[in-house]
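First subunit A sits with subunit B, and in the next complex the same chain sits with subunit C.
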Partner chain A sequence: MDSLSIYAARASGLHKLNPVTKFSLTLFLLVLGLALPGMWTSYLILVLIIVPLAIWGKVLDRLTRIVLTISWPFILSVFIIQTLFWGKGTTLFEFGPFAPKLEGAIFAFTSSGRILLIMADFILFSLATRPDTLMISLKQAGLYPGMAYIIVTTLQLVPQFAAKANAILNAQRARGLETQGNILVRARALLPLVMPLVIGSLMEVEERAIAIEARAFNSKHKETSLIEIPDSQVQRIVRIGMIVAALLAIVIRILWR
Partner chain B sequence: MIMAIINLQNVTYKYPLTDSPALTNINLQVNEGEFVAVIGPNGAGKSTLCYAIAGFVPHFFKGELTGIVAVAGVESHQSSLHEWVLNVGLAFQNPFNQISGAKYTVFEEIAFGLENIGVPRDEMKSRVTDAMKLTSISDLADRSPYSLSGGQQQRVALTSILVMQPKVLVLDEPTSQMDPIGTREVFGVIRKLSEKGMTVVMVEHKVEWIANFADRVLALHEGKILLAGKPGDVLTSHLLTDKGFGISRYTSVARKAKEMGLWKKDGLPVTLDEAVEGFSQGRENLAPTQK
Partner chain C sequence: MLDNIKKEFSTRTLVLIPIAIAINIAIGQLVYTLKLPIYLDSIGTVLVGALVGPWAGAVTGGLANLLWGVVPPPLQNAYAVPFFYVAIVIGLMAGFFGKRGVFEKESPRWLSVVIGAVFFFALALFILAFVNIDTSAGFPVYPSMKDLVAQYLVVFVLAAVIGAAIGYYLLQNGGYTGLAGLATGLVAAVISAPTSAKLFGGVTGGGTDLIVAAFRADGGSLWASVLAQGSVSDPFDKMLSFMVVWFILRSLPARFKAR
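Up next, the complex of A and B:
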């Protein structure tokens, strides 16, 4: 695996949108799903907004596959725990010592909706947005360049870090390090594995800092970008509209209580 | 009088929190277009010398630097690091650590430096394309930098520095971590750059290669200049073996042969070709076997 991102390149209108627009949309849908009351809200947002967006972005198949694969353990456990251990409520039926409650089922249903919404929301965003384009547009919008660099390099460097950890593991095992057995054996193996990794990484960080310094990373000039990130007046207006709508949703939530 | 493009005068440097200086009284003048190789055992101060020319000493590492370090007439004391790096390009051993990690293709990776200094997009594209042609990596443009071999990565790192059009190139053991093919690829690029007139200061252990391509060799020992001069003179000097430098095996063999009266020439060889030439000299009276 070369990088942590699940970005899927497609020739779609969704992909062509400005990354900040997509990021704002992701946050907006999140706020909407969590703020608006009702047990069907999350499902409505999923079906009426996220699925059409995924179709537009030509990533619906991948989205459904990833979301269902990741979410089913959560949903299953939420249902089991909430229905069986709800406490006082309307019993649906009885079998053996268990008496699942309606209120629990409703709660589980609402929570599952939220889980699915959050996952689908962020995974759709990741499928349709290249991480470096997001960083470039955030930088252009004023984000501290060091921050942008840290975020985007983490995506590429974590898999490399994992590969390095694996290489150290194999090297130490080749030198006779015992890594299989009871908990004591494994605990003793930790230090010879972690130390080279940590020290090696610190040295690498210094070298990389020098390398990017040599590429004028801390230059005072105004930066330019090789890749053109499209944006439009329409998108800018939509972004502002989403902020307003999100605030409205929060107000509704407060008033509903 | 041609003014030296790199001018180090009485340079002494101590890293922070250390007792003894890493460099003592270094005097070095490099003219434009020269290729100077730097050799020395571990801890001799070779990397520190590279950092001094590249401005990281003292700006990045802090510490105490006395003396003058000047490139193209400007002193490093009076410049800031982010301006200095535009004049002096630096590449070092590990190609993996020189990849920014922020870019997904080689083309964008090379453009990274130009983005930082605000070069307009069209100019960026043409500069990157030209630089990639120079280092023969045009076919790698769309690849991920992390999918490349060591030799390819090192050439990408070199290209990323070259595209910034520095006046001087400082290379700290660029082929130490390469396999033989990678080494050949990287040396090929460096040689091409030198032939085009780039001023190069390179730390390197492969003495046979230095003997063929360097104009001058600097031997560093414990932070001081032990020897400086033409490759043929420096690389065959007794002082090197006395002080624990690695020398060419051809030199060692010829030295032994000279003691035994089997090496007739005055000077010792450094490369295979020189050794063959020297040993053949005593064999003119023998019948030629095959050519």
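Up next, the complex of A and C:
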């Protein structure tokens, strides 16, 4: 499990929460960050909600490192493109042919806040939740078992897939496929990489279907689990409250304009 | 209708969907890192739509984009999350096209040539019209088609010839599939533009940023540039995705498709 997920085992209250509660919280913060207007909203949610949660879960250092590693290319391009190519606006300063615009910088700042929030939100969830407990608790919360199976299998399958894609890449390179160079060279490399990956994995469908049916996947009986997942009345109420608040935020956002 | 939905979600479908989502994410992320100006993140969605049906396709698309935000980095791509509704529509459309037999019928090759040529001609017209907008009057004035064709005759002829060649060699007998992909791409471009402009200003950190930047540099407004980028990338992207699925379906054993 270790190599397949970024789950960080810690003894913390955040880790002990029911996974469904954390999942609702993740979606709630996502909706809040996207629905509320204003350039500071995302940053406020980051500082006032996500950072304290991460400290509570003892994962703040890892969260910061991962978010910074994957977000800087986006933030860099958003600032370059929005400030330099904004069109009409207040010029900040002139530098040769470039004239960065204030409005563009504000827009880039807002977009960066949004993307930072979405990333931190989802990564905090993955850091504090064991993928297998999510599936069990989703089923216990009454989610259609097929849907729970899809969600959890996907989370486990994607890293394996990336590894397989990498193996195919290396194999095709060893046969002389060029994967670097101009856009035409790169585009031509795509099909010999994509086809083996897709067809190889489709061949697994049969085996997997037989495997889960042999384990009584379609059984109508309620199954029991080896892992005990704690839940409480308070968490149940908070979950419902967050879902209602998220829906309200969407409605307000639509009516606002 | 409820029976139809139920029939689509057999055990095999449930097993197929995570694999399709993984295909979406793995290839989508590969293209994202190659910095190509397309996405190719809906091959799995189109595949499920074609093999199973619209509802399974919609579930695949929607969940793929939502889960893309939760998978472990470096594959994690939170940017895809707000576009889940576009992916749902793509899955639905692929499914309905699949039901109509678009992925099975072979088209004559001349039809593929015509489709390719017309598509590239339209693409050239679109880009040139956008690049030649006259903003000196204070509001955008689009150049007339007659002036454009007269001015850039060589470009148009070249575009049509390249399009025809692509139609002949890439689309081959899959003209109908290519056309379905084009239609899906146009819809995707239109419905994704508001989110793209509003949330991200059209900038995703991927290869499509260059197109947005080019349109912006040419004086296009934020909205127009994002829509223009979508209209250039999406039809091409979805046509390619549909064609990849067309080829995949041709390489799969009949035993697999029968179920």
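Assume the second predicted complex is superposed on the first by the 197 of 257 C-alpha atoms of A that agree within 3 Å, B and C clash if a C-alpha of one lies under 4 Å from a C-alpha of the other, contacts with A are read in each partner's own complex, and residues count from 1 in each chain.
The working rule: a residue touches a chain if its C-beta (ideal position, glycine included) is under 8 Å from a C-beta of that chain, and two chains touch if they have at least 3 such contacts.
Here the structure is a predicted model, which is why all the values come from computation and not from measurement.
Undergrad: Touch test for A:M119: subunit B only (first), subunit C only (second), both, or neither?
TA: second
Undergrad: After the superposition on A, what does A:V78 contact: first (subunit B), second (subunit C), both or neither?
TA: second
Undergrad: For A:T69, select first, second, both or neither according to whether it touches subunit B, subunit C, the two together, or no partner.
TA: Only subunit C is touched by A:T69; subunit B is not.
Undergrad: After superposition on the shared chain, which partner residues are touched by A:V194: those of subunit B (first), subunit C (second), both, or neither?
TA: second
Undergrad: Let me test your reading of the model: by the given contact rule, A:W56 touches which partner, first (subunit B), second (subunit C), both or neither?
TA: Once the two structures are laid over each other on A, A:W56 reaches no partner at all.
Undergrad: Which of the two, subunit B or subunit C, is in touch with more residues of subunit A?
TA: On the superposition, C touches more of the residues of subunit A.
Undergrad: Touching A:F161, do we find subunit B (first), subunit C (second), both, or neither?
TA: second
Undergrad: Report for A:F217: first if it touches subunit B alone, second if subunit C alone, otherwise both or neither.
TA: The answer is both, since A:F217 touches subunit B and subunit C.
Undergrad: Based on the superposed arrangement, let me know which partner A:T153 touches: subunit B (first), subunit C (second), both, or neither?
TA: both
Undergrad: Tell me which partner A:D132 touches in the superposition: subunit B (first), subunit C (second), both or neither.
TA: After superposing on A, A:D132 lies in contact with subunit B but is clear of subunit C.
Undergrad: Which parts of subunit A are in contact with subunit B and also with subunit C?
TA: Shared contact residues on subunit A (touching subunit B in one complex, subunit C in the other): 149, 153, 157, 160, 204, 208-209, 212-213, 217-218.
Undergrad: For subunit B, which residues are in contact with subunit A within the complex?
TA: It comes out as residues 54, 56, 60, 81-82, 85-86, 89-90, 92, 94, 96-104, 107-108, 111-121, 124-125, 144, 146-147, 157, 160-161, 164.
Undergrad: Once bound in the complex, which stretches of subunit A touch subunit B?
TA: My answer: residues 2-3, 130, 132, 135, 149, 152-153, 156-157, 160, 204, 207-228.
Undergrad: What does subunit C use to touch subunit A in their complex?
TA: 9, 11-12, 14-19, 21-23, 25-27, 29-31, 34, 36, 40, 43, 47, 59, 63-64, 67, 69-76, 78-79, 81-82, 199-205, 209, 212-213, 216-217, 219-222, 244, 247-248, 251-252, 256
Undergrad: Note which residues of subunit A are touching subunit C in the complex, please.
TA: Of all residues in subunit A, those touching subunit C are 4-6, 26, 30, 34, 66, 69-70, 73-74, 77-78, 81-82, 85-87, 107-108, 111, 114-115, 118-119, 121-123, 125-126, 146, 149-151, 153-155, 157-162, 164-165, 183, 186-187, 190-191, 193-195, 197-199, 201-206, 208-209, 212-213, 217-218.
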